[in-house]
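Take this structure, written in structure tokens, and hold onto it; I'll ask about it next.
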Amino acid sequence: MEYGMYYLELVTPYESILRRMNKVLASGRTKYQEYFIFDTGAFGKVLVLDKDVQSTERDEYIYHETLVHPVMLAHPRPRSVFVVGGGEGATLREVLKHPTVERVVMCDIDDELVEMARKYLPEWHQGSFDDARAQVVHADARAWLEAHPETYDVVIVDLNDPVGEDNPARMLYTVEFYELVKRRLNPGGLMAMQAGMILLTHHRMHPVVHHTVKQVFRYTRSYHNYIPGFMLNFGFIVASDAVDVAGLSEGTVEARILERGLQLKHLDAAYLEAMFVLPKDLKEAIASEQMVSRDAAPFWLTEEGEARQQA
Amino acid sequence: MEYGMYYLELVTPYESILRRMNKVLASGRTKYQEYFIFDTGAFGKVLVLDKDVQSTERDEYIYHETLVHPVMLAHPRPRSVFVVGGGEGATLREVLKHPTVERVVMCDIDDELVEMARKYLPEWHQGSFDDARAQVVHADARAWLEAHPETYDVVIVDLNDPVGEDNPARMLYTVEFYELVKRRLNPGGLMAMQAGMILLTHHRMHPVVHHTVKQVFRYTRSYHNYIPGFMLNFGFIVASDAVDVAGLSEGTVEARILERGLQLKHLDAAYLEAMFVLPKDLKEAIASEQMVSRDAAPFWLTEEGEARQQA
Amino acid sequence: MEYGMYYLELVTPYESILRRMNKVLASGRTKYQEYFIFDTGAFGKVLVLDKDVQSTERDEYIYHETLVHPVMLAHPRPRSVFVVGGGEGATLREVLKHPTVERVVMCDIDDELVEMARKYLPEWHQGSFDDARAQVVHADARAWLEAHPETYDVVIVDLNDPVGEDNPARMLYTVEFYELVKRRLNPGGLMAMQAGMILLTHHRMHPVVHHTVKQVFRYTRSYHNYIPGFMLNFGFIVASDAVDVAGLSEGTVEARILERGLQLKHLDAAYLEAMFVLPKDLKEAIASEQMVSRDAAPFWLTEEGEARQQA
Amino acid sequence: MEYGMYYLELVTPYESILRRMNKVLASGRTKYQEYFIFDTGAFGKVLVLDKDVQSTERDEYIYHETLVHPVMLAHPRPRSVFVVGGGEGATLREVLKHPTVERVVMCDIDDELVEMARKYLPEWHQGSFDDARAQVVHADARAWLEAHPETYDVVIVDLNDPVGEDNPARMLYTVEFYELVKRRLNPGGLMAMQAGMILLTHHRMHPVVHHTVKQVFRYTRSYHNYIPGFMLNFGFIVASDAVDVAGLSEGTVEARILERGLQLKHLDAAYLEAMFVLPKDLKEAIASEQMVSRDAAPFWLTEEGEARQQA
């Protein structure tokens, strides 16, 4: 390891990553979080919020294709989409690739972060903030959804993990929040979400979120993918009362990709399907999970990845 | 990050992992390599050879199930097995779980390392070194195979990546070596191997190895899995002239697991199959690879993951 | 920085030192503290207690000559010495070099640590634990001194800094403790002590200790020296009601060194004298210090080096 | 150690310092060197060139008072001064504090660095670049001195250590360079220089430089001081054919400080004198040094601090 500038990321209390920074493009603190944007040798620009790498220039397509397209392709004709979080604009970008889309509302509480992304991360948003179909709202997503009765074909939730007892994000991981999302779905609608790192089967984030979402939706399906820039395997969920994403045939997915003219770099129909197949130990961890996160006792994660619930 | 003892692992020239060590159980240098065995908070005991984490107590089952069972299950009745490397004894352990196995020869050049494993890593080998069906040989695997005309149903190759121009392992990644392995296979036999980290599609290790193996075997199939203790997605290959592992039905695999009474923790038939489905960018990298490693010009990897070939 | 094992020392909340470890000889926890003994490239063996490097094989002679000889040479004929702390045995070793010494009581609370030092650190103690003049006692030094009315020509205090609100060492940094030490001094007796790192003039450790000692003794003199293995400049104090160490002539010191046949590696009379000359900023920090540590309100240090006092 | 941005400084091949950066103000590469300017919690702004911390906002006064005032005070009336290096402008600032000074030529090869200092380091130069008495020249100092026969009362040399076989600075550490400096001194003139870290007595930098300078000047005196921001003890040299700085009385120094109205923060006459008193082991290392650096065989340092000479 040569002399120079590094970013220290505390992945667990036992493992940390030191990332060499060629150049620091911006760093500071918005009203809501600390941010760091820097340039690296292998992953290009890296965006860090608080303590975690959010995405990297070189591999953000993997993360964003993984988050967005399974749910969008599970819907036969998604016209309206609501995005919770997603400040860099890349979720928006992927959503807008679907020509069926007529309207996307992206709700990220942090206006300063979105400004930062506009300025420093053009490779992410690629102008999607200025797409006529997109509306960007700066508000608490839960409050905004409660106040606005508009409904959507797809809701995509891209939030930080609720690490720490006082993490404000924990109110966006409860049964009541998912019930609100469900009320904002059109008939036939689906929700997708980022659902935590899957470091070892003992990490509780993904099982608890899965089990909580399952209280609300008829079909709750987990899938996973490796995100190189995080050095981690990440979990995702698609949930719906109408559509079981696991029941979609490879043929249907392939047909929709063609029909919509999607140019994907990481996903194709076969790999999309394979992501929904989980290893045995993870399936067992999900199946045996008992914790349900509710407003009265929202769950949060310790640094070790253990789940806690306020009594 | 608290004060204390850490292991610094240089994953790439740009990213390093600092792992907190609770206790150092052993460290030193054998004739062939440096080793470190230490205890950690999240992964239990960790074995490092030279600069890379080889396996961890808590998740070695993931690595070893992934390496061993796809090839063993692809064979209808594997009786004899040859293991190249695999000093910790866990590959041996997984092979011996198949009741069809009558004889396993494990060839690891480093006798001191195997002694170390016997003493410090009982959770890995679990006594398999003493199984009556196992024979442990300390020799250069290539020389040994050349000198011994005995043939096997399955050959499993578990070696370090050939990083660095002078890496002796590079002579075990050439067409000529795979041809030798093929000559040591019984009719219907298969080879499996660990085939490098898949950090980003620009990392050349896996495509070059795949392309090289393909020169020798009729069926060459890549698969991949996330190894939490490495924080990396790893590539593997199964190759054979007789059996196309990709053509095995989930039902056949499931029947063989039951038939052999295999108690697996990470794999089941569905997940085993899903591991062979690769993302689009990786498939393209493999398809467009041109480099073939030969004795006359063995390939090696730079620290950046670029492939070089001696002229 | 190469791959391998490192010790992370948190010197301040802003600066940390990573020390490459060739070999870990011992690590664990006694009843009182965590310890690490490891071998390094430049400093040989290193002993760490809790989070701070205590001494290194290669440069411990600098630390121990600096701590011991100024006070021993300030006394015309030191016969009896009491050492508070000093578990490695090197303080004892330096004291015993003075042929005038007839009896040394070394009181270190941590018997396990002393056992460890006997076993792993022979270069430090060099057999002094077995010198007929030495008595090693394992007890709380304050309680022991209170219980035993025996008096000494010299008392040497070698303790950790009282970092943290609950640090038990803080009761050995109060006016009442120094008054106890004074009652245990023979007429003409002196006390010497390690008195904290002098990293920047804003670090309060040394000024507060100096000002506290000054409440008790007629002559309180600070001196300082650079300890390479710590990468820090350290402060020390000699205090007495009878002798002003600053008034000793170089000639007297030189004569005593010769007379006692001391073989010193780092100190001579001129350098010993020069260590008592302080830079202007440090002198001003000492002169303007107001805090006095008392049993009713013992002072402690924050990680930043700020001094706090319980109300 | 918290998550965030750090600077990794490789002090020796065995010890590194990780410094937490609050903010990176500038980083890049001039024609001659890499630079990093960042803000830290304890030391304020920090300037790094290539791999070493050059000075910090909070303690640069210690370094620059130590480098400049001993030589300036050793001269009864320094009117003209030549500074080799010193890009930050703080050496210039300290020189200009002496009201006797009529002209200072500062020669730093790196014009981009000086521009950077003007912009980002006003606390260092405090406008001295614009002082009417100062002339800033961007050239190789040796070539410039050869080409310009002007002479000075004082020459101050502030260069990086010649680490590495190809280090261009090594031609500014030879007998021939010091002879050139001597030819550029007025009668009664003196040279001062920064002369390397004194980490352990086995570090050869300071002894070799001292021994080389001694070949040229009648009086060569070493002194040392601890620089907190470097976490290192540094060596310096004053040399002259006319004045033995060690022979100056404290009274003379004090009178000159008063006479010139110098406002010093770290030095006073007594401490200035004490810095010239060296510990015994360092004196012995200097006395036994045999290596002389000459143009025909300039010395250079290994990373370990060993001295090498081209044959």
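Should a chain be cited, it is by its letter among A, B, C and D, assigned in written order, with residues numbered from 1 in that chain.
Here, a residue touches a chain if its C-beta (ideal position, glycine included) is under 8 Å from a C-beta of that chain, and two chains touch if they have at least 3 such contacts.
Listed by chain with UniProt protein names: A, B, C, D = Polyamine aminopropyltransferase.
Computed from a predicted structure; not experimentally measured.
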### Query
In how few steps can one go from chain A to chain D if every step must land on a touching chain?
1
### Task
Please decide if copies chain B and chain C contact each other with the same set of residue positions, more than half shared, or with different positions, and reply same or different.
same
#### Entry: Centre distance in Å when chain A and chain B are each reduced to the mean of their C-alpha atoms
33
### Centroid distance [mean C-alpha coordinates] between chain C and chain B, Å
54
### Query
Approximately how many whole Å separate the CA-defined centres of chain A and chain C?
55
### Task
Going through chain D residue by residue, note those that touch at least 2 other chains and give them in order.
1-2, 8, 10, 18
### Query
Which of the residues in chain B end up touching chain A in this complex?
1, 8, 10-20, 40-43, 58-59, 62, 198-200, 225-226, 228, 231-233, 264-268, 270-271, 273-274, 277-281, 304
### Sites on chain C touched by chain B in the complex
1-10, 18, 21, 23-24, 27-28, 36, 38, 50-51
